[in-house]
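Got some structures for you, see below.
Same chain, two partners: subunit A is paired with subunit B first, then with subunit C.
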Partner chain A sequence: MTSTDPNLVSVTLNGRTIAATKGELIITAAERHGEYIPRFCYHERMDPVGMCRMCLVEVDTGRGPQLTPSCMVTVAPDMKIDTASPMVKQVQEGVLELLLANHPLDCPVCDKGGECPLQDQAFSHGPGESRFVEEKRHYEKPIAISDLVYLDRERCILCDRCTRFADEVAGDALIEFSSRGGNTQITTFPDEPFASYFSGNTVQICPVGALTAKPYRFKARPWDLEQNESTCTTCSVGCRTIVQSSRDQVLRYQGVDSAPVNWGWLCDKGRFGFESVNSDERLTTPMVRTSGGLVPTSWSAALGAVADLVRESIAAGGADSIAVVGGARGSNEDAFAWAQLAHDVIGTPNVYAQMGDGLPAAVLGLDRATIDDVASATTIVLLGPDLKEELPVLYLRIRDAAVKRGRHIIEFTPKPGGLTKHAWKTIGYEPGTQLAAVEAALADPAVAMQLAKGPVAIVAGRANLAETSTATVLALQAILAAVPSAKVLPALRRGNVVGALQVGVRPRPGGLDTTGVLQAAAAGRIECLVLLGADPLADFPDADLARRAIAGARRVIAVDTFLSASSLQADVVLAASAVGEKGGTTTNLEGRVTSLGRRVTATGTSRPDWMIASGIAGLLGTEFGYRSIADVTASIAARVESYANVTATAVASAPDGVLAAVPADLGPLVPPVLSLPDRNSYDFRLVVSRRLYDDAVSTRTSPSLAHLAGCMTVHVNPLDIERAGAHDGAEVRLSSARAGIIVTVESDATVLRGTVWVPFNQPGSTIGELIDCTAAVTDVRIENI
Partner chain B sequence: MVAVSGHVQRPGVYEIVNGTTTFRDLIYGQEFCGGIRNGNQLKAFVPGGGSAPWFVPDQLDLPFEGRLVGAAGSMLGSGAVMVMDHTTDIPAAALTLTRFYAHESCGKCVPCREGGTWLERILSRVVDGKGTEADLDQLLEVGAMICPGAFPHASSEELGLEAVPFPYKMTTICFVGPSAYAPVHSALTLFRAEFEAKIVKRTMIPVTAMAGGEQ
Partner chain C sequence: MARLNDSNVRLAHEIIGRYPRARSATIPLLHLAQEQDGYVTNEAIRHIGELVGATSAEVLGTCTFYEMFKMEPVGKYLINICGTMSCALMGADELMHRAEHKLGIKPGATTPDGMFTLEHAECQAACTEAPCLQVNYRYRYRITPNELDALIDDLRAGKLDGEIPPHGTVARVRQHIPADRLVGAVAPEDVTGPPVWLADNHEVQS
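What follows is the complex of A and B.
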């Protein structure tokens, strides 16, 4: 070969010379050059183990052809590889015959049938017939290894994919091989189910039907499924998915390997949350309030009523007395059309997509890190929530960076989380003291040296809902002052919150953010409050303010897929279509814009938000002129500067999406003023954060996920329990300056002394009662009852 | 040091001179094992541990030396010599060894996990007198899934067999899989008549010793 590229290795593949990449495995090099080597255990996102022996090929390195597992051996100069010799064929047939020897071949009742690598490869590389006449191995079929996953040990070919995934990728080594020889099997530990947030991935990568997912078992045959590529909008990681449906019902999500984003993985909440789309509780028609409560109505009547409410409100209090909150759950198009309606048609500046649990929108104007930037940074600074709970697949990517790529994590947190055990340094802080914690760390020569070693990426978000974002913003600015080249990845969790903010669902000058809107509503200054897929009563940290705001707003319009606690209080409820029922684009936390797949017809007469906005605009005298969602996508590209490159064609032709530019018009991140209350030594400082599974409507209405939510307890460090005069399991009164609630104590050594932790929005939760969203921090007292 | 077990007068661990001491010295020499027990005839011996292909009296004059033993179709492996006299039930002896390796399989790779158990199950059927002629070929075919291509074995003047030298090809990760096959292959190649006897006549040949040297 003439190439002098030092990264290329010249090898012979089935007689022709190819240029492989240095360090590349034979199996991948061959595949890239058109020779697919059959395989079971090899998975491109996990370390090879060479267990199934399906990928054996003959490799000659000068000592004659040797049988070599192509998934374990990397290319070397002048290697001669033969993937199709008679010997290789004999071996492939042998391995397949052995695999099938004890295999039950219950294909007719197996979920994998039709998309089964064992079926497929038995067909393409197998011997055609089995000579095994002994009685096959028998096990109880199937056994539940978690709430979501079933295991059929007879079908299992012991390829180590599920177990490797659990240990190597998810870090939840809850399934393992047990026994040996012909009795080897996959097992869980006694009394410990495979309760991983990522368990669904094992079902997807299992090369046989040994692992099946409860929500999909016996639902469809692969050849009956229709599918579209799409993006999960359950959180803002924006994992790439395939949405599959049959008979107009969404039945399954599969992860797609998007190299810059999810590597094929999904979290279980994203994978199985589609069930809520099919829920019987979905709103099927618009509703209006009559003396008899909310009753179904026609779209023309409902939109007419909305237009009337808007006109009345403008007449009564001016356009500024109208506010729109929410919009982070839909598409970019939904958000953009609503921003247009609110800002340009109605003329109100009070529009905001965040729900009091994020960071100021100006954070999106900082030099933005991509997920790859974070994963390849020498130092990753975490200044936000527990990513395992809030942005699960981002957690996987950062875990991989730390565990396999030796990246150093410096974590600032009020409560240790999923990444703590992989962090180079974890600095626990009491709420309100982030700045001091960061300053102290920056003064540590070891930290300073680490930060100077190479690129730094900061993942910034809200670690605690019981304090304002002030202290976090100050801490972020302090790190940026010390490392001006650091890039920032905003850890804001709602599906399309970044897209909504970037396309315009944010206050115009003089406008109010959500807290401001709710305060104004509570004070009677909001004539009309529009809840755009927002449920402040369940979702806003300060429960009392949310309640007063909904009660104080003179008119409430809700656009929702379900009747939530808040939309139940509305005057008009407009039935919105859900993901899978609508197309368009979405923006993840990096600013990556990807397409959403429309797979099934909308529930009832529900409509996408953008269509609702354009209908209302029409009634108010402004025609947007959108005939299809593509028109809205084009309008965003034409009118939002940072989306100029994000045309429908660009998104459609880029499987990994298009990065929108960092918006230049968000203004500077103004250093806020922090005023901490005096610390009473008898009080605990309250930390409230989310868990993956909570009482959000999309989880509650997904039958497979609903019961995974826990319950609200107050977690106290064991050393503090006694000081508080309580004991593990005791019911206590937990009170802040705001209110008191009755709650059970749970001893938890991960909680920092002097603080207590309570999960947010678990079923039956009342923790929002204690939170004052304007107070810098929340101090609570534990009293025996 | 070699460990000799089985049907010799004095089983035990002996210090020999590598390359000079022959198997005949070792088995018959007075300073070593002192011959076969009860004056019986030597039928076969395993030169290097349970995973090694078997030798027959033809190989007695080979010195204990790796290269030569390899060329003669076996290996020295662990240096454990197992001696079988003429009363040995060869299929049963092979089963004992194969069962050991099938049980020893860690279960990681397919050919060993599935192939080892498969061999054991066919062989135990044959030993129980329930085998068929096809089972004998099947044993070799299953073995070829573990070790494709020519498998080493000893020469035999009586059978007109040329030796097939070491090494063999293998589809497994380690040598446990091939080890389950080696005794089956040697026994079938060198003593096929004993297997056929079990099948065709469905009767047992007179057996006085259990396999594996245990009494």
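What follows is the complex of A and C.
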């Protein structure tokens, strides 16, 4: 075959001529052309190592056939590949006989049995019999290498997949081979467990049953599992998943390799957070407040009560006195139906999906970057939260871009984080001085030259909950002014926050955002506050305002899966279905719309939010006419301009989802006015940000994750500790102009001098007491007690 | 003592400076740790990880790959008796038997006074001189059981101190590479021109 395409290489595969891609490995070229070569160590998202020898094939490059590991050699012109010769068969049998020599063959009690590459390939390519009659190697049966992952060294075939993943993909090289030869084993360092945010992936990619996940051990056999493809809504990255259940209970999430999004990886919070869906604490019925507190009731009574509360509120203060906050945790359909109910039926402009920790919705109207745009940009500008903590799989993609693909990261941050060590330049700033930091960086000729080299993508979000978004927005605008072609990926955190904002859960003209709503409620101007899966008491940065707002709102209606701190205060609580119990679509931070898989029956009598909204609308005299979720999906496509292409058919036929258009109706990003306070006697500037594991309801009610949250300590630079007259481990009073709390000091060299860092919403956290959500920044002082 | 002491930390930084990438110094630093404590402690592994920018697990993986790095305390003298073919034919078993009796320990063990550790070794590449053994990796050729007894007595009496330093000693004379002799610690990806040593020797070809 003569090909004129310089990117194609003509090779012979089992006697027929194929056109492989230049630089392609034999193993992938053969697979693309219908010849699956068995393998254990090779994984398409990691560098090949040639550890297992299972993929040996005969390759003739003109010197006669040679046994060659097909995962280690790229195709070359006129190469002759034989994947099924008698020699190859014999080698495959030999490799399997050796791998099985020490393998315990405890398949009947092994979680992997039934979905095990070793089992499958022993059947398809193995010799059937072993000549090994000696005693097998024995190790202590599973040892916990982390809180979530168990290692059975007898089953391990030393393929290097987990250790490569830990080092190459996650950047947490906490597991390694130790010793040599027949004594080689996977090990952690004593007292340093495999505490990676991504440890669950090693269980999924383990080709044998050596690594098992604690939440799934002995729960089901693969052939008993039923599964649906779905999307993880733990954060807004929107990783594709398979939801697996048995006997109407969700038992496991597996990552699906979606090329533009997650590459098959999931973070542990996303992978194991499904446990909260099965929690005994789930709300099973609606509840109404009586003199004796919240009591279970019927749906008709609860919805009737809600309709009454809404009518009373309109009568008392007009539609404007009703406000809806939240809605970023459900599906697009949930958000759309509630936006319809609030805007069109009730007639209030006060609707908002963010909880005072994001950026103005107008950011979504900027030229939007996809994750691929970010990963392939020459320069990636980070102006937002620590992605490892808030959007973990986006962290993996950007880490890969920097480490393996030579992309340059310019990071602006108030506290170094997961990507700092991979950044080309890290510019630390004191909260409030983002603009100055960006301007100084742009004036640096090296930075200017780097930005001019090629496409620039900006990942923008809120790095600090103890300041308003003002300074960040100004900095973002400065970068965009310098690099007008730069695309922006909004690093907003909650699962469907982008979808909710885009389908309409945002204020109409004259309406209030969440901060405005809470301020109005605290001032007694809100007759009815609707919380859509929102828990301001735990989640809103300003604890004092949240408390006054919940107390000041005359009527509170909560739609929730759990009785949270806030929904416990409500007059009516409506039990909502959780992910896995409902279908629909969700939108990730790129605007990518994917399907949610409904796998199990909803808990108790809980209903999806869209059905609740539709029921309330009916009682208020407007029938939405939705008979199924598909009707809502169709309604979004018909009525939301940017979702015109997002039909149920389009989503169902696109495995990687459909990109919604960038909404044109969000208005310009108005440059805000920044006024920084004087320091006075408060000598440290406060930085508060999230950790992956915190005290959120979904984490607290997942038994495997609940204990992974840390505790609230104030992290201070070692040099500042001395200045403050404190010491590591000391209890001090940390005060802002607002309040003072007692907290333990932790020495942390990554904290910038002049700032202190406190994690948000850890168990027992009181840091919200110090934060005034209207103040541009929060200054604090440390006092010894 | 567990972590590297101050003078060894200074030496460690000097060693790290010889390489374009800090983690290339892992093995030399493990030798340094073994020299300091007679074996490689977990604390030293953690310290080396901090010094070269690797995780403790990575340093542990490297350390355990090499049998000459000991993770447990060993005696002042490590006696390795070769038991491979030539030595076996020439009386290695008798030699080992005598050593066991003389020292009162089995291979792999250490005498209670901490003086001797006895080990089986594979071929030491001195087959023409069989049977052979090593004391702290110093050869003794064509050795008889009686000579072994005498060797152990001499070691215990300190008569061989000048010849055989305690286990773990890397060198008795420290190597210090003057700055002008360093070839230049440039990472491979940062190399732009011809190799540095060619430039130093004025051998760059145009």
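One rule holds for everything that comes next: the second predicted complex is superposed on the first by the 781 of 785 C-alpha atoms of A that agree within 3 Å, B and C clash if a C-alpha of one lies under 4 Å from a C-alpha of the other, contacts with A are read in each partner's own complex, and residues count from 1 in each chain.
Operating definition for what follows: a residue touches a chain if its C-beta (ideal position, glycine included) is under 8 Å from a C-beta of that chain, and two chains touch if they have at least 3 such contacts.
No experiment lies behind these values; they were computed from the predicted model shown.
Residue contacts after overlaying the shared chain place A:Q90 against subunit B, while subunit C stays out of touching range.
In the superposed model, A:T622 makes contact with neither subunit B nor subunit C. Applying the stated contact rule after C-alpha superposition, one finds that A:Q477 touches neither subunit B nor subunit C.
Put simply, more of the residues of subunit A are touched by B, taking subunit B and subunit C as the two choices.
By the document's definition of touching, of the two partners only subunit C reaches A:P190; subunit B does not. By the touch criterion defined above, A:S179 lies against subunit B and subunit C together after alignment on the C-alpha atoms of chain A. Judged by the touch definition given at the top, the superposed model places A:Q249 against neither subunit B nor subunit C. When the two complexes are overlaid on their common chain A, residue A:T284 makes contact with neither subunit B nor subunit C. Within subunit A, the residues touching subunit B in one complex and subunit C in the other are 177, 179-180. By the touch rule above, subunit C contacts subunit A in their complex via residues 42, 45-46, 54-58, 60-61, 64-65, 67. Across the complex, subunit A is touched by residues 102-111, 113-118, 121-122, 138, 141, 144-146, 148-149, 169-173 of subunit B.
Across the complex, subunit C is touched by residues 167, 172-180, 187-190, 192 of subunit A. By the touch criterion stated above, subunit A contacts subunit B in their complex at residues 49-54, 56, 66-67, 87, 90-91, 94-95, 97-99, 101-102, 131-132, 134, 157-158, 160, 177, 179-184.
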